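In structure tokens below, several structures.
Below, subunit A partners subunit B and then partners subunit C, in two separate complexes.
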Partner chain A sequence: MEHTIEMINVTKTIRKSTVVNDVSLKLTSDKVTGLMGINGSGKTMLMRLMTGLIRPTEGSVIIDGKELHKDISFPDSCGLLLENPAFIDSYSGYGNLELLTSVRGRATAEDIRNAISLVGLDPDDKKKYRKYSLGMKQRLGIAAAIVEKPDIVIMDEPTNSLDTDGVDMLKGVIREQKNRGALVVLSCHDMLILKELSDITYKIESGIIVAGEEVGEAR
Partner chain B sequence: MFCRLLRYDIRKGLISDYKKLLIVVAISVAFCIQFRWEYTSHFSSLSEASFGDIIFFAFSGMSEYTFSPDQPFLFPALWVLLLVLPMFFVLYYPFYDLLGFGKNVLIQVGRRRTWWLSKCAWTAVYIMTYFLIIYAVTAVFCIVMRIPLSTQISGETHEMVAMKGYNPMLNGEGHLVEFMGRMDLQLFVLPVISMVALALFQMMLSLIVSPIYSFIISVGILISSAYYMNPFLIGNHCMTQRSNLVVSNGMDIKNGVLLSLCMAVFSIVLGMIAFNRTDVLSQPLRDE
Partner chain C sequence: MKTEIRKSLSGWPFWLTLLILCGMTIYSALFIIHSDLEASTRIVRKVVDLESNPMLSVKSLYSNWIGAEWMTPFSTLFFFVFPLCAAIPYGLSLYQERRSGYMGQMVLRETRARYLLNKYVAVFLSGGLVIAVPVVLNIMIIALYFPAHAPDLNYDIYTTVKAFSFGSKLYYEIPWLYLMIRVAVIFWYGGVAATVSMAVTFFSRNRFVILFTPMLFFLLLNYSYTLFQVPYEISPLRFLGSGNVYYVVTPIVIGEALFLSFLTIAFIGLRGRKKDVL
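What follows is the complex of A and B.
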């Protein structure tokens, strides 16, 4: 099944400041979408709008044919990495994901182990999250976003704190999500990396989509 | 889904954060020792003291304050500390959870109402745990000191509190009038439900103003309760000295329960409406 996110004339104003301005987009699961723009350009707000965490001031966001805040409050199946992941300091990586997935109860222990392994961490590592390096924290955040095999995967600056091995790992993760039919949206301020990771990119400036570019089979 | 979410909240916001509750253990030990010291400085031994006496002492608060140049306002520090602490402990978790992977959880849950109700239930569980720790530490202290685990309030405690300037309604035998049974509600139920109600009110306010301002308002309500003997200031219902079991013009337990229930329901409903309209941003809601 193909998954879609459609934004129709979406505007978001916070305290008289327009952070997303009349954006219309249609994203599909056959292409990995990259959002690029400088800090404060509106990438994260756009992602928050897609996830239902914030409401559009005008316009509508439609996920797989259902309108957010009208038919549904949040996407039915969505994995998220938004800004810096924050987990419980005193738990291991496995313990954190086990707690996170306990709410829906959809992921098995095997799913958790696979997700942790996929991002290059050791599922049997008892090291507490507080002792993780920044790169390990980011990897665990990526694992949290994909552990339940969601239909939609949204990652804001997933390359933050990752070294070159980490970026390679991320490419593999994104490829796997695309192959299993998930709709993937990424944001990054580094155009070169984003083009490596995405099939189509949109450039955002001051909350407006100023350019869209098909990257092709970059991988 | 609600039960699983509540279990997640309890694990994340209570069990994994258990170190905070060690402070409650320390404070409880401290007031037990203070009770022992004050009691034995007035009376030769602890032979008449009971578990109920210590709880009565801890939550005694202060008698009605009437402004007069001769009567300085004696700040009921222990009472304020015991009630402000749980308000602080439950202040940030619901909103800081949203800054971390709580966002993922909210999306997984799929309904804002479920998320809000779980946080309300978590708040109630947290406050109940807080009071349970106080009662448990006090019970252990009693066992160690060979103080009976009875909830009966002794005549000595009446005297001790009376020496601090309060006038208990004593019967001919020197015992407080009408203490039987209902004092248990005043000691063990009313503080818990009043503080649950105030904590829910604080959480609702956090959505509308911000966590820090809502905490200031909660503390303001508690301190105002010490200054003004008014049934609508909920702190009055948590002071054993201001119960109508102790003073004739005191607070009625039924009114305390009713006020707490109304405040809790109002906070839950209004908070649910407010959270439905709240944008989940990168900082604690309205603090951004």
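What follows is the complex of A and C.
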């Protein structure tokens, strides 16, 4: 089944400041979508709008034919990594994912172990999250976004704190998500990496989509 | 919900606050016992002649637990700082999870309403427990020394429970039940104080404001007697312990707890369901 996110004339204003301005987009699961732009351009806000974490001031966001905040509050199956991953300090990586996935019960212990291994961490590592390095935290954040095999995977700056091995790992993870039919949206301010990871990219400036191109066309 | 409760009771702020408050209530109990031992010694040594004084009542658990004694500084301090102490264990958790982005992870998995409900219950329980457990400990220590002798209405000058005041009938007829109700009320107000800090999360981004608002709120209530002009005690800082200046009546004790609970639930429910997760 193909998954879609459709944004129709979406505008978001926070304290009189327009952070997303009249954005219309249609994203599908056959292409990995990359959002690029400088810091503060509105990438993160756009992603939060897609996940339902914030409400558009105007316009609508439609996920697989259902309108957010009208038909559904949040996408039914969505994995999310937003900027800095957040977990409970006193739990291990495995413990944290176990806690998160216990809410819906959509992932088995095996799924958790696989997701942790896939991002290059040790599922048997008892080290507490607070003792993780920045790179390890980021890897765990990526694992949390994919552990439940969600239909939609949204990752904001997933390359943050990752070394070159980490970026290679991320490419593999994204390829796998695309292959199993998930709709993947990424953001990154490094254009080269983003183009490597995405099939289609959109450039955002001051909350406005100023350009969109198929990566093949650019190459 | 189980997860939230586990998180709320396993953090160091809960255990540290519990430890400090237990220190206060243990001190109160030991002070009272020590004072009584000294007084008894004076009577035995005939330093003072109180044996023949018919106006002395039997000393009892029910007039010496921390909610009934007013002699030690820690009993006063305990009921003065309880709103702050109730907020410390988990009152900041919503603020922290909103800031870190963990709330986003959770609401995507369990919806906003369920997340807030679970959080409310966990905050309420942690606040209630951190205040009520030290009180129970105090009662247990006092009970090791003082007999659980039923209070005598003829000697009500020795108690803080006056006729027709909150639970007075129970106090003189089934005092153990009265004691349990008092502890339950203390638990309730502890929970309410903690949830006030949770509610403040929606309009403040300062952790100190969030943490101290319950205490400021109860202090305001404490000094707003002239505003309301009611001839009854309206301040939980006073009526939860034994520092009441005015009559403590059931409708105010229960009504105020109900009203504050309703207010926090309504506020968190309305604001929390609409507020963006930034």
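The rule is short, and it goes like this: the second predicted complex is superposed on the first by the 216 of 219 C-alpha atoms of A that agree within 3 Å, B and C clash if a C-alpha of one lies under 4 Å from a C-alpha of the other, contacts with A are read in each partner's own complex, and residues count from 1 in each chain.
The rule is short, and it goes like this: a contact is a pair of C-beta atoms (placed from the backbone, for glycine too) under 8 Å apart; a residue touches a chain by one contact, two chains touch by 3 or more.
Just so it is clear, the model here is predicted, and its values are computed rather than measured.
Because the two structures share subunit A, they can be overlaid on it, and in that overlay subunit B clashes with subunit C. Once chain A of one complex is fitted onto chain A of the other, the partner contacts of A:G34 are absent, as it touches neither subunit B nor subunit C. Judged by the touch definition given at the top, the superposed model places A:E83 against both subunit B and subunit C. Shared-chain residue A:S73: touches subunit B and subunit C both. When the two complexes are overlaid on their common chain A, residue A:P56 makes contact with neither subunit B nor subunit C. In the superposition on chain A, A:R48 makes contact with both subunit B and subunit C.
Of the two partners subunit B and subunit C, more residues of subunit A are touched by B.
Once the two complexes are laid over each other on the shared chain, residue contacts for A:G105 go to subunit B alone; subunit C is not touched. When both complexes are overlaid on chain A, the residue A:G166 reaches neither subunit B nor subunit C. Of the residues of subunit A, those at positions 14, 48, 51-55, 73-75, 78, 80, 82-83, 85-88, 90, 99-100, 102-104, 144 touch subunit B in one of the two structures and subunit C in the other.
Put simply, subunit B touches subunit A in their complex at residues 1, 4-5, 7-8, 11-12, 16, 99-101, 103-112, 277, 279-282. Of all residues in subunit A, only 14, 48, 51-55, 73-75, 78, 80, 82-88, 90, 99-100, 102-104, 144 touch subunit C in the complex they form. Listed in rising order, the residues of subunit C touching subunit A in the complex are 3, 7, 10-11, 97, 100-102, 104-112, 274, 276-278. Those residues of subunit A whose C-beta lies close enough to touch subunit B in the complex are 14, 44, 48, 51-55, 72-76, 78-80, 82-83, 85-88, 90-91, 96, 99-100, 102-105, 144-145, 148.
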